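Each of the next two complexes has chain A plus one other chain: chain B in the first, chain C in the second.
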Partner chain A sequence: MKPPPLVQSSVRIFDLSLGQMLWSRRSVFLGVLLGGPVLLALALRIVSTLYEAGFRINGVRAAGASIFGMMIWLLYLRFIVPILGVFYGTALIADEVDDKTITYLFTRPIPRRAVLFGKFLAYLACTVLLVLPSVMLVFFLVVPTGGGSIGAAFPSLVGDFGMLIAGLAAYGAVFAFVGTRVKRPLIVGLVFSFGWEPTVLLLPGYLKRLTVAYYLQALVKHEMPQDSAVSVLMQVFREVPSVAASLVCLAAIVAGTLWLSGRAVENREYVLEQ
Partner chain B sequence: MTNAADPGTGIVVADHLSKWYGQVIGLNDVSVSVPPGITGLLGPNGAGKSTFMKVITGQLKPSKGTITVLGEPIWNNPSLYFRIGFCPEQDAFYDRMTGLEWVTALVRLNGLSDGDATEMAHRALEAVELTDAANKKIGAYSKGMRQRVKMAQALAHDPHLLILDEPLSGMDPIARRKTIRMVKDWARAGKSIIVSSHILHEIESMTSNILLINQGRILAEGNVHQIRDLIDEHPHTVYIRAEQTRGLARAFLAQDDVLSLRFEDEAVVVQTGRPDAFYARLTDLAASGELGAIHEVTSPDDNLQAVFKYLVKS
Partner chain C sequence: MTTRTRYFVIVSLLVLGIGLGTGLVAYYVGFPAGAFAKHAGPEELGFIPRDATVIAFANVQEIMTSDVRQRLRSRLPLKEDGQRELQDRTGINLESDVDRVVACLHPDTTTTNMPGAGMILARGRFDEAKIEALMRDHGAHVEDYRSKRLIVGEFHEAQGNSFALSFMEPGLAVFGSTKLVRSAIDLHQAGDNPQAGLQSVVGNEELMDLVHALDTGNNAWAVGRFDALTSKAHLPDDLSTRLPAITWFSVSTHIDGGIRGVIRADARDEEAANNLRDVVRGFMALAKMQAGSRPEMQAMMQSLELGGAGKTVALSFDVPSQVFDAIGAIAGQKGIRPPVH
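Moving on to the complex of A and B:
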């Protein structure tokens, strides 16, 4: 008898894991974190409603769509998405090992890497379900400020979702790899996201190509507020590759790190504590 | 003493098998051939039973030597799991799932359709007498029910070889008796079963064919009766968590074979010179319900440890 195909096994692990992941303490905690941008958006909306002058950057009234774009980049892509990637990605297999439930999965007729792939898919679905309502709320609260139109800005929201999914996939795959290879994956992941990436992105040269954020920048389509400190900062960030090249690189990052993680899971022995 | 591996007839064949965890030796040059039928793996905690179980279920890779299960190497050989069912020792589950959901989800990993998987899960839960609790969350199960649902997932896909790691641990006397009967029935139905325990009495009630393991080595292999006399020289300790510990204590003290007795929280700890007779009476007491519910029966491995010390010295 041959084991079921890898895709089928992965989908079944996905079915088994999604519910567990969605209702975990981690999801509750990160769900609360995702309430942060919504509260900020609410505050902006209140300020905008109370003061006719609206929200200003360096004296210039900022359009709602621009503020939303800034929030997508600075809050979601540069902070929340890496956080989600680190906390879920590094724990894909580690959670099952800590809970001692990995035995049930590794003694079934499926390739071990199917466990990793299925759990990665569950991570992606779970984080998208967490991020989506937060982004939607922020969009509806922020875009109308400064006279913005929800209808006109809506197509860019779809693009933003695509960008966030790409970010979640890339960071999740990188940290899944870290989780299968490194002893203290959480620390390594946090250092990578909030030490290595921001530092290297500000330096000239090729090092920034060893980040995920570099490729994600190319996908940011929003016009940023001009004539401000933020716009100067954004100009630095926007030294970016083309959209096509970025998409190819992100796909390669996801495929490469997942393949390496799968190999690690296939060959590693997981000794459960007695 | 043992140990010639016989690849011709063994369902599990180890040849000079060793397993190290860094500097710690888990298994040390084990050569053994496990015959079809029921085989008991007996040894105190830390003897290497779990390491052996993990190697024969492909969770660990041998550091040295070879292991074959049903004629094939097990490490990185997922197709073998169609023919193997494993019930691990650890009390670990997806607690939010019901018993039926959990067993179905695991059987689905064998490539079965949803309908077939559900049907097989129902059958397995029926075999371990959990039909009534099938739709309850596992988190709400008693220890005995949790043990049985673990067994259900192991046998649901009708494997040829069942590997049960401490399956009776923590069960109440009635569940224990039922489980022992089930294991014997499965063997009669043609399955091979390897069952581990640190309690001779448990193994003895299922099979007379044992592997005696200590400090990572197989000390003896074959019929249980040869070491039986040695075991009998040492008092056997039984920990019983029950509703009416004082009533139970009174009933125990009336028997000759009870050597000593003490109370611990909601439990009574008894030392007996004749475990067979004691367990039989305990099961009858639990079945009659005269002295309230008996929730859990366990036995520390002090008894067996003493025998192993004796065996190693001699």
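Moving on to the complex of A and C:
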């Protein structure tokens, strides 16, 4: 019997996995992670409405669009997107191995790589459907404060959406690869996201090209906040590739790591611990 | 896909769809000013174009009923020609009809007028029919603009300059250059619309930060770009090079029993600010010497305080009510009598 084609099989796995991902215990963590910025935005809005002085940074009244840009940089780009990639990406196959349920999927008459691709699509849909509404709420709560204009800031929001989707896809694909190859993928993922990437971005030279953040930061239109000495250093050694080059590199990262992950899943023999 | 997963996807897509739709409408059509949040300063700022060079505000009622004005009025023959001319041309009595005004200057490239085009937004009680009839008697005609009546008059017809008056909402009159009045109506009806190149001054963060500082505890203030004004002033080269390198200036006052306020200038750099401080210090010393023998003037001079840090130079002052009594006494000695009302 001929197995169903890859795309059809991936869609079946996607359908099965989306619900599992959304209603898992990990989603509580995801909810807290994405509810935080919304609550923070709500608090800023209340402060701005109640106190005429509004929200001030270093004694200067901060404009809503600037605060929103800062939240995109500090909360979403530097923290939420990488951490979602680490937690969900590394778990795509590792969870099935830990739960000893991978056998049920691999014994189906579908290509093994379809399991990974379907789960990756489910991860992307799950995170995009949660992250983008969270950013949308933050945008509408924060931007009008301090005399900001929704219309003027709207193009940057659309750009942010594109950047966040690209970031979630790239980090997810990289950590999916890590999840298929490494024994303790979560630790490797955390070290990569919060150790390797920030360190390398601070250094002059070519090493920063071996990060996802380097290409992702080129897609951000907001000013990089200078909230700490590290940020100032980052600003100094910041080397921004063109948007087109970044998009090509991110697409190559997603395609390359997914292909390698698919190959690993096809060839690797998973021995389940008894 | 289970039912609750489907519901989740639908709700999430709805939030995104509504948000993106609202953003698109805001971007292409604009929202009425204040649709999402209140900005600093009077709400009329939402109807002033973003690139205005000077903005001024006055709480007319507070100033007109202030002790200072009553003292001056009873002791000095104040000529109220401008006020009378406004009443003659538009039927608006500044003293009784107007609560507060916001004014602006705009760098109009089509005119050679020194400060550019101007506009006044006044809140108060206006007899619209009477004002329109009076303006028509003076040669004005009525136009329709975005379903608002625009009463347009001409001055300096050869130069094609025209002024207009419109009542944008009950109790809000806008008067000034026709072009500016039209843009105020656009902003009033649609709010900021960057796509159409229409943005209010509320989106100018630098200016609004100054406005916010001025709007607290003052009943009259003005803020503007000094460099934009001097560039339009056609000053002789040797004079313009000697002017201090000031970018922003602001004046804020509270007029009640006396007049207290702050004049603030933001210099281009710290060196320019230090130079400006030296000049002001020199003038202050000279003024204090001049005030020597007059105790009431001395009190005023003692109140002068030079402050500010970095690129900012601030001069605060407090003119006590005794100064106005002294001015009245001097006027009395010279035989100047107040007009009989």
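FYI, the second predicted complex is superposed on the first by the 254 of 274 C-alpha atoms of A that agree within 3 Å, B and C clash if a C-alpha of one lies under 4 Å from a C-alpha of the other, contacts with A are read in each partner's own complex, and residues count from 1 in each chain.
Note that in this section a residue touches a chain if its C-beta (ideal position, glycine included) is under 8 Å from a C-beta of that chain, and two chains touch if they have at least 3 such contacts.
Just so we're clear, the structure is a prediction, and the values are computed from it rather than from any experiment.
K.L.:
Quick check on the superposition: with chain A as the shared anchor, is it clash or fit for chain B versus chain C?
P.N.:
fit
K.L.:
Just to be sure I read the superposition right, which of the two partners does A:145 touch: chain B = first, chain C = second, or both, or neither?
P.N.:
So A:145 only meets chain C here.
K.L.:
Is A:266 in contact with chain B, with chain C, with both, or with neither (first, second, both, neither)?
P.N.:
In the superposed model, A:266 contacts chain B only, not chain C.
K.L.:
Touching A:94 in the superposition: chain B (first), chain C (second), both, neither?
P.N.:
In the superposition, A:94 contacts neither chain B nor chain C.
K.L.:
A:19 in the overlay: touching chain B, chain C, both, or neither? Say first, second, both or neither.
P.N.:
both
K.L.:
Mind computing the angle chain B to chain A to chain C from the CA centres, in steps of 10 degrees?
P.N.:
Vertex chain A, arms to chain B and chain C: 150 degrees.
K.L.:
Classify the contacts of A:106 with the two partner chains as first (chain B alone), second (chain C alone), both, or neither.
P.N.:
first
K.L.:
After the superposition on A, what does A:200 contact: first (chain B), second (chain C), both or neither?
P.N.:
neither
K.L.:
Tell me, in angstrom, the smallest C-alpha to C-alpha distance between chain B and chain C in the overlaid model?
P.N.:
Value for chain B versus chain C, nearest C-alpha atoms: 8 Å.
K.L.:
Would you please give the residues of chain A that touch chain B in one complex and also touch chain C in the other complex?
P.N.:
The answer is residues 15, 19, 23 of chain A.
K.L.:
Under the touch definition given earlier, write down the residues of chain B that touch chain A in their complex.
P.N.:
Per the stated touch rule, the residues are 21, 50, 57-61, 76, 78-82, 84, 86, 88, 90, 92-94, 96-97, 105-106, 108-111, 153.
K.L.:
Chain A touches which residues of chain C in the complex?
P.N.:
Residues in contact with chain A: 1-2, 4-5, 8-9, 12-13, 15-16, 19-20, 22-24, 26-28, 30-31, 35-40, 191-195, 199-200, 202-203, 205, 208-209, 212, 216.
K.L.:
Using the touch rule from the top, collect the residues of chain A that touch chain C in their complex.
P.N.:
15, 18-19, 22-23, 45, 48-49, 52-54, 60-61, 63-64, 66, 125, 129-130, 132-133, 136-137, 139-140, 143-152, 154-155, 157-158
K.L.:
For the complex, which residues does chain A have touching chain B?
P.N.:
1-4, 8-9, 12-13, 15-16, 19-20, 23, 99-101, 103-112, 266-267, 269-272, 274
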